[in-house]
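One structure below.
To keep things simple, chains are lettered A, B and C as they appear, and every chain counts its residues starting from 1.
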Amino acid sequence: MEYESVIGLEIHVQLKTKSKMWCGCANEYGAPPNTNVCPVCMGMPGVLPVANEEAMRLTALAGYLLNCEVPKFAKFDRKNYFYPDAPKNYQITQYDKPSTRNGYVEFEFEGGLQRVGITRAHLEEDLGKNFHFDRESGVDFNRAGVPLLEIVTEPDIRNPDMAHAFLNALKDIMIYGGVSDFDMEKGMARCDVNISVRPVGQESFNARREIKNMNSFSGVRRALNYEIPEQTRRTKAGETIQQGTVRWNDDLGVTENMRSKEDAHDYRYFPEPDLMPFEPTDEWLEEVRSRVVELPLARKRRFMSDYELPEGDADVFVQNVPLGDFFEAAVEGVKNRKAVANWVINNLRAKLVEAGLEIGDCQIQPAAVAELVGLVDDKRITSKNAQEAFGIMFETGRMPAAIADEKGWKPADAGEMETFCDAAIEANPGPADDFRNGKDAALNRILGHVMKLSQGSADPGQVRALLAKKLRG
Amino acid sequence: MADDAFDIHYAANLARIELSEEEEARLGAQLGDILGYVEKLKELDVEDVEPTAHAHPVSNVTRPDEVRPGLTHEEVLQNAPRVVNGLINVPKIVE
Amino acid sequence: MPPLLLGLFLTFDILTMLNQLTISELTTKLRAGEASSREATQACLDRIAAVDDKVNAFISYDGEDALAQADAADAALKEGADGASKPLLGVPIAVKDVLAVKGQPLSCGSKILGDFISPYDATVIRQLKEAGAVVFGRLNMDEFAMGSSTENSAFGVTKTPWDLDRVAGGSSGGSGAAVAADEVIATLGTDTGGSIRQPASFCGCVGIKPTYGRISRYGLVAFASSLDQIGPMTKDVRDAATLLEILCGHDKLDSTSIPEPSPSLSANLNGDIKGMRIGLPKEYFIEGLDPQVKASVEAAVKQLVELGAEIVEISLPHTDYAIATYYIVANAEASANLARFDGVRYGARVQPAHDDPNPVFNLYARTRGQGFGAEVKRRVIMGTYVLSSGYYDAYYLRAQKVRTLIRQDFLKAFEQVDAIVSPTSPVLPFKVGEKADDPLQMYLADIFTISCNLAGICGVSLPCGFSGNPKLPIGLQLLGKPLGEETILRIAHAYEQATDWRSQKPQI
């Protein structure tokens, strides 16, 4: 009997706000312990929460980016449990009326398009951070009260690689949309996994285990690659899988049981009396919608189809949105889109890195790149001169035609080329023969000779074509 | 409405309140009386009644996303029973 | 008597009376330069030293700090500080030990907070300070505001100044007693089920609970978040109006705070209540109502008629269910609100031994088991229970629905009447220990005050007479519609001015 795995993920994502959810403490990573705190986020007697409006917006924005419904009524609830990292010994969260629900994420997987459902993405507060030592623990409350988006997927994921691909897609969306910086190393995103196995064809779900404590996407994959065979083996052997929570131990590569607490799941949810409900108006929702950006997958496909770019180029323009925007401006009306892409991806990107600049800070204009491509294609300047021109364009923002005029660059002399080609062929009889006999690479020797004769000013493309004609007819 | 006898042990555990045997007995009996009294709410038909969420409902109460000064490290720790290396110290938490 | 001696005698006389003044009377004297804030504050401190051993209104107070504030106020008075912007300049006011005052201890009548010093000011404290008041003292209360007698305090019971064998009421017993004993000019108390009004009744002073959301709860240690309100306890109605005007208003630190401006109250105390319709709930004339209380309240109602009001019989049909509703909702919310008292970040921690098998659990369980008193434990455990798995619908959800019915009773009644009148308490101040063994009996005495909090409306208690031997104060309660403070204060003031209960003082 074949077994399949049924996997759902729960991802907690810190929202990219300046201040915490209920108070004005800074939402910042890396501060010395217990320095970004106030009476509110420390759970001191008498304090009250007040909701961060940007966190509400980012939550609705995440909802739109995840294709969710953003209902007209949402509220907060208290989830009650005692733990040293919980300043109030309850967590303010959303239980039955979350801010967003019923969406999906689409991503590329194994050559096709995969969709994973999003049950809900709700807003809650983060807790402090526990540090464990030999015989005691310590708590840092800097993180307590940071706004957290809990994203719960439908159990649509079927294997560890899919989980990995999904997480990457989710990360791109969250970063793209400005919702979160999603840096797992800094604890800005944490992932728990729910996994069960069942015979293929069975519609109902078997008992599932929740795995916590994976610190990276590959950790998630590793944990699943351990747990799935384990559960499958045990199920085949007739053992019952105990529904419960386990901990992934990445060093040992196994899941470990956690302490079971008899009241572990009695959270006694009730509506948060200190907070008012959230009923977004149409105007407010419109304003959030205007912040929705083109998602990575859609962008990539658009670049590939509209501009006929190869996947690699499109990927660059997805990873680097401003570069892609520059490309789109430059390529307008230009037939040789690949050439524009090459200039932007190879030359412009390199120069930006070298100069330590963002694209918005440099001088070069999209129209200049377009003009440059035209000059080369019309053979008005050589490609070597074009390289030099690019450098000047980058430094000064000037247009290439003007630079070429000033420098007095001329297109390669056709007659001169003929002479140089003949001379080079004569000087390299071996390679010439090789080429005649079908060895394409042999041409490079002869080309190099022509370039030497022309002192580098010949256009390699043109020379190749000319040599080929001469040698092969 | 609840028909089972009131389990004070479970509730006290959930509330993290350690009771002596005597307290368990005494408080258990008193709470049994009180819970018996509140059963009278069962007499009412509340089928079509909305629960009161807030006495004076307002919605969309938020604050701007601005950083405000909080407490200094010393002020935070001034009331803390046990501090080690800037962290609030507790017994070892076993997960 | 030689002129010098006479002069000294009169001066001494004036000084010893400063603590007996109202806010209005004292501010008049202060601005006229007839007395200083230091003199007034010192008079209060002297009175506290003289009687508080017996009354036990104060858990603690910082006399030096109070005098320093008084000196600062005096300096401002000399510079001609503006009465409009600093209406309380130089007036000593004490507060219930449940309100956070920066740099002062905060105990909430409990041991569990240990030697906690608040690092911040509650909004109401900031408001009092901005108005120039001399804010001092931590007034005694039932632990975490849970109680109706102040017998649940970890710092001893507070007595009503009228009879030192009897309780001051609760949970704001210290606030009521301190005002009634002239230990201070006015106080702040808090009210979740009657905890301002009932002690006002037992101590013979004025106490008002405003509409829910009128006064910011930021800095009020929460008992039941949806029911708690802060309010003034004062010697007369005008003072209550004055304080209420200063404290009401939207606070951006409290999401439940109503976005309404502070109402104009003291200007409308014109004594005119002709034509006002005042409701008398038929369900409130119950069997357990003390006959002397009944007689006083009936006489008060007659007085209101003489002043031109019209009495209308009304019905509040769900009255019988209010106590059950309250104790479910309040205790549920309290169980969560008090969860933070665990000895981790602050408070009197009970640290388990190194070899304890369950140290984190036991840190919580023992800190709370040893730090909380019996009433708090009862309520937190009950609240935990009614929210727990399987019981939420049957208890909490149902109670919140009944709460809606109770609120609807009042809103319907207010379509017919401008205010509702009743006794504040069905019983006279009882002896210390009399009700301590039967918590349920104690709860049932809250019957007249408790619905007001559930419905979120406003209510005031003021003196309307005394019992015979022993002479104990009786309180009249007026309930108003949401945001209806102006109406009930006007009625209260008119009644107060037409009678003279205020001139009688306890003999301690």
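Following the convention adopted for this analysis, a contact is a pair of C-beta atoms (placed from the backbone, for glycine too) under 8 Å apart; a residue touches a chain by one contact, two chains touch by 3 or more.
The shown structure was predicted, so the numbers you read here are calculated from the model rather than taken from an experiment.
**Student:** Let me spell it out: compute each chain's centre from its C-alpha atoms, then which one is farthest from subunit B's centre?
**Tutor:** The chain farthest from subunit B, judged by C-alpha centres, is A.
**Student:** By C-alpha centroids, what is the most central chain here?
**Tutor:** B
**Student:** Count the touching C-beta pairs: is A-B or B-C ahead?
**Tutor:** More contacting C-beta pairs are found at B-C.
**Student:** Between subunit A and subunit C, what is the separation of their C-alpha centroids in Å?
**Tutor:** Centre-to-centre distance between subunit A and subunit C: 57 Å.
**Student:** Taking each chain's centre as the mean of its CA atoms, how far is subunit A from subunit B in angstrom?
**Tutor:** Taking the average C-alpha coordinate of subunit A and of subunit B, the gap between them is 41 Å.
**Student:** Determine the centre-to-centre distance between subunit B and subunit C, using the mean Cα coordinates as centres, and give it in whole Å.
**Tutor:** Each chain reduced to its C-alpha mean, subunit B and subunit C end up 24 Å apart.
**Student:** Of all residues in subunit A, which are in touch with two or more distinct other chains?
**Tutor:** 39, 42, 50-51, 82, 84, 135, 139, 141, 266, 268, 273, 275-276, in rising order.
**Student:** Counting only residues that touch at least two other chains, what does the list for subunit C look like?
**Tutor:** 116, 119, 226, 252, 255-256, 335, 339, 342, 344-346, 360, 364, 384, 388, in rising order.
**Student:** Multi-chain contacts only, two chains or more: what residues does subunit B have there?
**Tutor:** 10, 13-14, 16, 53-54, 58, 61, 63, 71, 76, 88, 90-94
**Student:** Can you name the residues of subunit A that touch subunit B in the complex?
**Tutor:** 17-19, 23-26, 32-39, 41-42, 50-56, 75, 82-84, 130-141, 247, 258-259, 262-263, 266, 268, 271, 273, 275-281
**Student:** List the residues on subunit C that touch subunit B in their complex, please.
**Tutor:** By the definition above, subunit C touches subunit B via 114, 116-117, 119, 211-213, 226, 252, 255-256, 258-259, 318, 320-321, 323-325, 327-328, 335, 339, 342-349, 351-352, 356, 359-366, 368-370, 372, 374, 377-378, 380-382, 384-385, 388, 390-391, 394-395, 397-405, 407, 439-440, 443, 454-456, 482.
**Student:** Enumerate the contact residues on subunit B facing subunit A in the complex.
**Tutor:** Touch residues, subunit B against subunit A: 10, 13-14, 16, 53-54, 57-71, 73, 76-77, 84-95.
**Student:** Any idea which subunit B residues touch subunit C in the complex?
**Tutor:** 1-2, 6, 8, 10-19, 23, 27, 30-31, 33-35, 37-38, 40-44, 46, 49-56, 58, 61, 63, 71, 75-76, 78-82, 88, 90-94
**Student:** Over in the complex, which subunit A residues touch subunit C? Could you list them?
**Tutor:** Residues of subunit A touching subunit C: 39, 42-51, 78, 80, 82, 84, 87-90, 135, 139, 141, 265-266, 268-270, 273-276.
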